[in-house]
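Please see the structure below; I have some questions.
Think of it as A, B, C and D in the order they're written, each chain with its own count starting at 1.
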Amino acid sequence: MENVKIAFFGLGNMGEPMALNLVDAGQEVRVYNRTPSKAARLVEKGARIARSPKEAVRDADIAITMLANDEAVRDILLAPAQPDGAAIDALPRGAIHMGTSTISVAFSKELEQEHSRRGQGYVASPVLGRPEAAAAKKLWVMAAGPGDQVERCRPVMEALGRGISVMGTQPWQANVTKIAANFMLLALLEAFGEAFALFRKSGMDPHALLEILNGLFNSPVYANYGRMIADRQFQPAGFRLKLGLKDAGLALAAAQDAAVPMPLASLVRDHYLSAIARGLEDADWSALAEVIAQNAGL
Amino acid sequence: MENVKIAFFGLGNMGEPMALNLVDAGQEVRVYNRTPSKAARLVEKGARIARSPKEAVRDADIAITMLANDEAVRDILLAPAQPDGAAIDALPRGAIHMGTSTISVAFSKELEQEHSRRGQGYVASPVLGRPEAAAAKKLWVMAAGPGDQVERCRPVMEALGRGISVMGTQPWQANVTKIAANFMLLALLEAFGEAFALFRKSGMDPHALLEILNGLFNSPVYANYGRMIADRQFQPAGFRLKLGLKDAGLALAAAQDAAVPMPLASLVRDHYLSAIARGLEDADWSALAEVIAQNAGL
Amino acid sequence: MENVKIAFFGLGNMGEPMALNLVDAGQEVRVYNRTPSKAARLVEKGARIARSPKEAVRDADIAITMLANDEAVRDILLAPAQPDGAAIDALPRGAIHMGTSTISVAFSKELEQEHSRRGQGYVASPVLGRPEAAAAKKLWVMAAGPGDQVERCRPVMEALGRGISVMGTQPWQANVTKIAANFMLLALLEAFGEAFALFRKSGMDPHALLEILNGLFNSPVYANYGRMIADRQFQPAGFRLKLGLKDAGLALAAAQDAAVPMPLASLVRDHYLSAIARGLEDADWSALAEVIAQNAGL
Amino acid sequence: MENVKIAFFGLGNMGEPMALNLVDAGQEVRVYNRTPSKAARLVEKGARIARSPKEAVRDADIAITMLANDEAVRDILLAPAQPDGAAIDALPRGAIHMGTSTISVAFSKELEQEHSRRGQGYVASPVLGRPEAAAAKKLWVMAAGPGDQVERCRPVMEALGRGISVMGTQPWQANVTKIAANFMLLALLEAFGEAFALFRKSGMDPHALLEILNGLFNSPVYANYGRMIADRQFQPAGFRLKLGLKDAGLALAAAQDAAVPMPLASLVRDHYLSAIARGLEDADWSALAEVIAQNAGL
């Protein structure tokens, strides 16, 4: 991988291991984070710190965002409220924004236009995988954008994960893919929640059902989430419940724009709202099942 | 496997290969079917035909039912309308009814009582697997009943499948397990339907999403149903749509008795009703996804 | 009203005032009730007590049922377990069964056949109104059955209510009407529940919203149920919650037979199941709203 | 009513008759509309036309908005893209924005802040009633805002409607009230849709059910919408279907902010999306029932 200058935003439990992998791959990484102390390990490994988003992107070939949601990306890149102006205006012509955050289809389209009229590239490249996978370079990258831009980002993607699927030439195509994949996970959590509630209320052990389901589906995802839910082990949160609500909302927003009813997404959204109303906001998103159990009087 | 005399009811696309496997295993099998011609292959292999349910069970050690639903089992075993009386009264004391059909929890409890007060055994042993698996002896058997009865049936179960899970000592425990497992399949069909509708309406190819999901879930069930739905290949029906409606109904009935809301099961039920109202009754149950697509104007 | 001999079954909070009105109207009323003490007031006014359902109907011109559900009607009329045989066999040819209970469409069709092949008449005549309306002869009767039979029952209906709507010549047509009307009430309870939960969670007083809704809808039903729910006054139960669950189930059963999705009925059913799981079984059916409030963390 | 200078925005089928009533009441009305020809009748009666939003509000005591949604209000008042700058900056200190549009709770809170820091007043005053009611001065106004501001707007409200309910001192309180009231109407449309689908699919005439419901609820709203739906008369649209979708969305947004599940609102939203996907976008919002009928194969 030829040397590229990377600006990196978002040092949460996904972003930090991703940025570390880029440093390990020998890239020149400049990070900006609201809480500079979060960059300590990165700096130790050789990353540099920028004092503002604008400074971070000034010389970058590629700017990577791994932030919580639309608002966080907007704040970092587009907001004129930054001390020295909107960062997007400082990103060089010809540089590429590689957006790995899970954001809305509508905002991805907006970003595409903003970058395009500044002569910058934009490749959406959300990733599948939990923090452990990020650390182990085992993420799966769904990429979309103009072919040449995707190719320029490919070495960076390869440093982050175990594989890349190119979803199309328009960035939002990667975002809708990520949204649909996360929806499939939400649907599974809902299904586990209902099946286990029926089982428990019938006086039976959900682990016994899980064993059958593992035989039937033979999927590590079923084994993993099934065990968490059967054990009712929702702390610590690998992926926080309110991010599950966000994902359900992203699916519903994309669906509304496309005039597609997604009643199962609405169902999940309502259960997450109930979870938040009952104080489960910081539990793992699989605690969706706990709300379903409570609704059954468990 | 010591020699046992088996009465077998239900020569549909699951029952026929199951009965053939029992004949192949050297058992003495007597079949009864409303349409005797359906027994032709079995007779060729050595099975005998009974002219009535009562005649079929008269000397049986084990009576196996593989029928469509509660009503069909009730008609064969309990109905006094049979030419020579209710078959259950002809089943010898000490013989066992091995119920492999997918029936309701409530009816399973009723059967347990009916057999019990006649000194007969009853082991619920519904199976997981489609017709191909039945033919290949690859079914998975979920068994429940008194320990000694389950043991007596074990050789028969081994002749039918690749594994057995004992779910408890009360027969209905196997039934609720089967109902919960089928519900998990229904939930997956619904999820595929919604995700693919969003994808198609966004102008994208559902096969591209399926590839991502196969990477994520790594499950043969996802690969198989995902492909059927992405291809919109709902004929011929491996498992008919109206049986999907029946399964959703079984989950809802068990859930109502246990006071458990299962809104996802209701959602599936409604989509199946819509499918039937639109003439999809004889399609494969995965055509659930087609209704969801139609609701999105596809 | 010419003198008719009436057998009356069901002395609950609806049936007792109805039977009293018939006695007041000068009819010869013979009642049967499992708990004979419930007939005390009726006997005082001149009604006679029968010791069995069969005895009650033996000389009757019209047999009226006002029982809780299908099972209760089946037990009284069709069950052979009665001390002296099934009551339906004792009802004279030419006599009419006037069924005022809220029963399923399917069972109403079954009753029509059972009476028909015994040369008896059957008029379904469910009523709208709560116990106060029954006492005040202000029920509204929805009647269906062969024209001449409906006419013969008309004087009796007039003694019970303030009006009669003839829904058709097939008895089940009155039952599906009653089921649809009750569904509209259930839908209103659900709507109140959700709107008030939003209002309360926003820190506002639901009574203020109710005032607006009273201005908008100008309906006594809204005023009445709206006040109960805004006051959270669910005891004593005018109409018990588990009867609400029954009504939702009747709508869903009729809808399934007609292949009609009724997702709002499923929603109500699930909330009632949750109510029962949380111990609200004996509250008024408007306590549906309480479950919705709890789901919002209230 | 003392003479006040009014700026009026939004001459749709609600806004035009409202503005005419203000002119009739002797007020000095200045209107701005993107399509100036829509102001013809108003000008004839004595209103004046402004060439920009800014010009319209420059001397106003009260600026009234009756626009389609959040975006339309934002465009008129806050957008800097207007030829001569954002109109809100031209509204005099001490003047009041009287917002009669149905907008979101979140945007109402934003407007309150924007006006407040410019020393302007803001009274939310959404109205209940269809265009005929607007013309006949029979709207019902739900008002909220600081007491003195509400009082200053009262004469204007009195010129528009038959009554005023003050919902609180914070403007958003009127908006959440309007949203909840519209939700109750949406719930009714859904309920009619399902009940009539069941009725029609059972081979019966929905008008016969409507007669019963009119007796039961005794509400002009039931009579009116029930007739439209039973007649399947959805054109011309008194209130367009896509505004129904907007209203469901406003309820869901307010509910999400308050962590309140509103599954019935989700149900309505999904049916509206399906309606739009099937080309019913410009029908009356009561055509929600048509989607439900189609889902039942009608």
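Just so we're on the same page, a contact is a pair of C-beta atoms (placed from the backbone, for glycine too) under 8 Å apart; a residue touches a chain by one contact, two chains touch by 3 or more.
Model, not experiment: these values are computed from the prediction.
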item	value
C-D against B-D, pair bridged by the larger set of C-beta contacts	C-D
Chain C-chain D separation of Cα centroids, rounded to whole Å	40
Distance from chain C to chain B - Cα centre to Cα centre, in angstrom	38
Chain B and chain D: spacing of chain centres that average the CA atoms, whole Å	53
Sequence positions of chain C contacting 2 or more other chains	201, 255, 259-263, 267, 270, 273-274, 276-277, 295-297
Topology of the chain contact graph, where touching chains are joined (line, ring, star, complete, other)	complete
Chain B-facing residues of chain C, complex	249, 255-256, 259-263, 266-267, 269-271, 273-274, 276-277
In the complex, chain D residues that touch chain B	201, 263, 273-274, 276-279, 295-298
Of all residues in chain C, those that touch chain D in their complex	105, 128, 140, 142, 163, 165, 167-168, 173, 176-177, 179-181, 183-185, 187-188, 190-192, 194-195, 197-199, 201-202, 204, 208-209, 211-213, 215-222, 251, 254-255, 258-265, 267, 292, 295-297
